[in-house]
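Structure first, then comments.
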């Protein structure tokens, strides 16, 4: 094994957290510096990986594998492919900003805050890099606790219950996945030949009968759907997004939701292609409902933060649509759009926070107006973000959404058309919001100071990335291509035969139930043929 | 010779009576005596089984049950006495500082 | 059990033996009181009862008649059942224990049935312990049933005393049992036949002097005799658990007390003083009964003597003595005895 | 003879047991329990367990129950009633449960054939036999039992010695 | 009695001698030197641990088939000695503050430990029974150790009466098993049951044994004593009892049900289903009732009931036999160790907060994180572990149990589903504690009673245990599985 760079990148933040834990809580500056240093090193490593990753070769690279709990077949298995690479990059990019952004907003318990953000970073990166199901689950659940603390401690006074709600919902979704993971282990072979390893399982599961695949797939789906969240599993979201501190909201929207989508791409689809195919139409339907619902509800919001939160549901729905469509183009688009969405939504939340911070916490549409004049810098930046959100050509949003819709169109025309139509909705409420906040007559007598240089410096990188991806996405897409192809290949073994295979499976299933005992491969523990 | 089953049925009856007493009564002392009754019913079973099986083990068990019962009684009565002592001044009827 | 006589005969003989025994014990009770009063009188330089009959010998009869004609009352709010039960229980228990006491050698037989005891149980000594342990109920019930504070406190004290000293007594007896290797009383006595060095009787008292001492103390306490007569202390508790008893029922408590004295004396004789063993016992087995009675009488005499001599001890001293002196010493005695029994064969001694 | 004795003792045991749990005053319960104990001792004799019968009387009747009565009266001496406990106790439910228990147990006992009793070994139930097995086969339990008794003593001291009597 | 018998018994012997030594020393130590008792006890426990580690020769039928000295008993002894040591370290400070520091406390704690150890290594039902009593009777006394407080005494009485009741039931179970099989030796029992068909008598006996142990383990519906007793007993005793009684009860359940009773038979599926129902009820009731508890000790009581449910899952599925039984057994062992660390840790923090026997409510924790970040962090860690979230011991404990369950077919699947769903429920009340610690402003500023280095050390050990078992569980997994190889054919 070569240098364990993936382990390094996963545990570097945790090590930083440990170091901070040893510091005195009075030394705030030092604590912030250490935290920032750790997260920046992660970003640096991510950039190194970005260039070191061989996009042409594709597949898992920098793989690390070691036994972890050999008695149960649990391995420590990390690997990086194009999809993980982009998400890793996003994480590495967002977290330092998330630590920097609340430099003034969060002055209490800086030590705890830094620790929690860094622990969260470890968990998120772990999720993106794990190739063992238990390892993945451990990181997956480990995201919850730091997030709980971030929302609960630094959120609004009502944040505690919201944080608990977030935790309970996502955990309730995840435990089914836990059961499914353990079941997968036992189904994977006889005693001694079992594994939690994703690569091993991927070679087995697609042959399994639907009776086995469907419950397992559904269990994974619920876990991921709650996390994204896919409509109708989103009910934890408004409370958590609204009550959380801006950093929390950004981390939730930019990173944690990506973990859910990533789960679909990496686990749910490749492991259970037949079941996935069976449910794809439904899932796409839900994704579309999410797009429309998010947009409509966003349009009805008067609270800026909630508006952005619901717009996030809408956008994530579109990303999911691309994932479910499972064409190489749409999947590439979705992966890219995940990065884009992470950046855009973070930018929007920070902008909103900047505005409401100056209004003493007020953030309804009625509180603002004509901010163009007192805050020209913010207005300019905000306009960029807004345009990226509505996917104006030249911004990164355009590239992602266009690819998603294009890819979807090749497979599922109707869904693509509906999806495209609803994109217009985004433009409506986004423009409307911009209009109200920045252009109309001022509704408040307060003095709104423009962005300070530090805030501008924070947002400028985001703008740069927005335009970079919008104009020259090739470096990203190039590294994605072969990984996406592979995923699509694994997840759609039957796409060529399409529904025929599916129908024959269902037929077999029903016939076997009518005709008495199920064939060996339907019984738990039986070796699937 | 009386068949063992008769002894066993008698034992079951006594055990049930003891259990009923333990569940029915509210006076700690009577509950306690009921529990002792249950232990004695068990002893009868042990001895009856010992004869049925032609095996001394059952009788030895009685010895151990007696020892355990003795230890239990000493501790139990000590608890009752001490509980009584602290609340001798107040009404004995309500030992309900603990909900439940 | 001899098989050559019919069951009926056996039952009849047993009944007769029992009746004789009970009669004898009643006499013993009657003249026990007389003896005690006379002796205590002597010790205290007075005469004692000497008017009724020669030397006052008819005094017990007179007392008996008086007691029988006394009013038979039950205190208000007394627990009737327990109130009646208590005196009956103590007497019955005291009498029952004699069922396994052998007064003479088992070789003396009548119609093939041993004459000098009612039955021989192979757990004889345990049976005595078992039966006497029931006696505590009489005391405690008597104290409780009378619905009187004095009675109750007396009963409680008495019970505490009984329980405390029963342990010491039991442990002291265990020493003898260890030596004897049997629980059968006749066998224990048989093992004490003969002499050491030609002059010293092979009585257990010489092997278990400490055991004998502890047994005696325990016996005194268990019979509620002075100096351990706290439960009946007139000055403190106005005769304790018997306070509310009168007439025949009160007499029954007295009866039990004196029969108990005889009982513990008999046990002491059997276990420590060689029972019926004595000179010429080989030639004339019937003589054993005499030796037995003499030894018992001597023991009873000491009882009375102690009563007249020693002051009553305090209650806490009583408890301290029981738990902190008698019990540890009895344990020590038992331990030593066990050790010796264990290593005796190893030292080359015969079993 | 044996039949008569058994049925007599069985009836006595059941009746006295019922009295034990139903009588209003703890003293009467204890007395009824004494009767149960004695009748059980007779039954033990019938089952050729003489040693058990005797220690049943010495220890149970002679020590344990006396202690019981002692405490009952001690508490009685100071008030009219013993301490009450609050346990969830629904009368009909408890009776039903007990009946169910008895019914179930009898059914199970009756439905499992015991077969003929095996012959008794020589000396069954004698002190020698019980003692022999106790000190050979059951040596470890015996020692554990001694620890248990020690715990009982410690417990009694810990729980009831008054504070001011505590050696300082 | 042979030398190998004595070697097999050596940990228990050391504990017994230690208890006696403490009792005697107590007489000679002046009150200000009582802390020595705790130190001596700790030293002795260490010696017992060493002795336990040194036993290499398995002796499954030591003391004429009374004591089993094998890998499982080695593991149990380790866990129980650890419990005793941690409890001692945690409680000595508390006892001083409460005026409860008396030599008997230590002696009773040690005898209770002895009882639990005997249960975990018993090879005969008689030893299970005696172990049960040796475990329980000291606990009854310890529950009432705070004699001035009527709550403590009530707890003691309640615990005693229900405990004695359950003992009687357990004993009746032994009698029936004895009657049905003619033996109470567990190995002989297992051998005999392999050949004979199960009689109703045996089934009844097994059922009664289950009820008796269910009381000790506080399984629903035999749990009613637990909340009251936990609440009333002195907190240091509650901590000890919560863990030790559970360890002992499950040690016995393992010995009797998982090892002695046959697997993969009609009888097995009967008792498997029975235990499964108990497990389900216990998980559901324990977790849901814990939701509404505001008193911390009561909450911990219901939480411990809930954990008994998860442990019972392992017992239930072991009836399936084969590989499942192996997994179930080792998962039970692992769970107990994890439970030990997290429960003792949580109680340890509560002990720091309690001044004079008052009960702590959730509100008392409010804002603690600002004043005592380390204690709060430790408490949060223990709560997260109890909720079963990674990367803590609680996660792998539950993971392992559910793994065993899922290998056992439909019953296991149902139990695992109930298990994970109730775990989610449990997150609510465990994390509510965290919520109060970190996210609620303090209503009253409660001080923390500056703990001795002993208590701190115990908390650190517990926290490390929780983390190590959560991050690197492999060595312990290996240990628990090694225990199996020796026991299962």
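Per-chain residue numbering starts at 1, and chain names A, B, C, D and E are given in the order in which the chains are listed.
The rule is simple: a residue touches a chain if its C-beta (ideal position, glycine included) is under 8 Å from a C-beta of that chain, and two chains touch if they have at least 3 such contacts.
What you see is a predicted model; the values in this text were computed from it and never measured.
**Student:** Ignoring subunit E, split the rest of the assembly into groups that are still joined by touch.
**Tutor:** Excluding subunit E but keeping the rest fixed, the chains that touch end up grouped as A | B, C, D.
**Student:** Quick one: name the chains whose C-beta contact count is the highest of any pair.
**Tutor:** Max contact pairs: B-D.
**Student:** Of all chains present, which has the mean Cα position farthest from that of subunit A?
**Tutor:** Comparing chain centres, C lies farthest from subunit A.
**Student:** Determine the chain that sits nearest the middle of the structure, using the mean of its CA atoms as its centre.
**Tutor:** If one averages C-alpha positions chain by chain, the most central is E.
**Student:** Quick one: subunit A and subunit C, Cα centre-to-centre, how many Å?
**Tutor:** Computed from C-alpha means, the inter-chain centre distance equals 94 Å.
**Student:** Taking each chain's centre as its mean C-alpha position, how far apart are subunit B and subunit C in Å?
**Tutor:** Distance between chain centres, rounded to whole Å: 33 Å.
**Student:** What whole-Å value do you get for the distance between subunit D and subunit E if each is reduced to the mean of its CA atoms?
**Tutor:** Their C-alpha centroids are separated by 30 Å.
**Student:** Which integer distance in Å separates the CA centroid of subunit B from that of subunit E?
**Tutor:** That gives a centre separation of 26 Å.
**Student:** Can you pull out the residues of subunit D that are in contact with at least two other chains?
**Tutor:** As it turns out, subunit D has residues touching two or more other chains at 51, 55, 63, 67, 74, 83, 85, 87-88, 105, 109, 114, 137-138, 141, 145, 148, 151-152, 155, 158-159.
**Student:** Give me the residues of subunit A that touch two or more other chains.
**Tutor:** If we look for residues of subunit A contacting two or more partner chains, we find none.
**Student:** Using the touch definition from the top, which residues of subunit C touch two or more other chains?
**Tutor:** none
**Student:** Dump the list of chain pairs that touch, please.
**Tutor:** Chain pairs that touch: A-E, B-D, B-E, C-D, D-E.
**Student:** State the interface residues of subunit D toward subunit E in the complex, per the touch definition above.
**Tutor:** Checking each residue of subunit D against subunit E gives 83, 85, 87-88, 104-105, 107-109, 111-112, 114, 136-141, 144-145, 147-148, 150-152, 154-155, 157-159, 163, 167-168.
**Student:** Where on subunit E is subunit B touching in the complex?
**Tutor:** Residues of subunit E touching subunit B: 126, 129-130, 133, 137, 140-141, 144, 147-151, 153-158, 160-161, 164-165, 167-169, 171-172, 174-176, 178-179, 182-184, 224, 227-228, 231-232.
**Student:** So in the complex, the part of subunit B that touches subunit D is made up of which residues?
**Tutor:** 1-10, 12-21, 23-34, 36-37, 40, 43-44, 47-48, 50-57, 59-60, 62-64, 66-75, 77-85, 88, 92-96, 100
**Student:** For the complex, which residues does subunit B have touching subunit E?
**Tutor:** 8, 15, 18-19, 22, 28, 31-32, 35, 38-39, 41-42, 45-46, 48-49, 52-53, 55, 57-58, 61, 64-65, 68, 71-72, 75-76, 78-80, 82-83, 86-87, 95, 97-100
**Student:** Could you pull out which subunit D residues touch subunit B in their complex?
**Tutor:** Of all residues in subunit D, those touching subunit B are 2-3, 6, 10, 13-14, 17-18, 20-22, 26, 29-30, 33, 36-37, 40, 43-44, 46-49, 51-52, 55-56, 59-60, 63-64, 67-68, 71-72, 74-75, 78-79, 81-89, 91, 93-95, 97-99, 101-102, 105-106, 109-110, 114, 117-121, 124-125, 129-130, 133-134, 137-138, 141, 145, 148-149, 151-153, 155-156, 158-160, 162.
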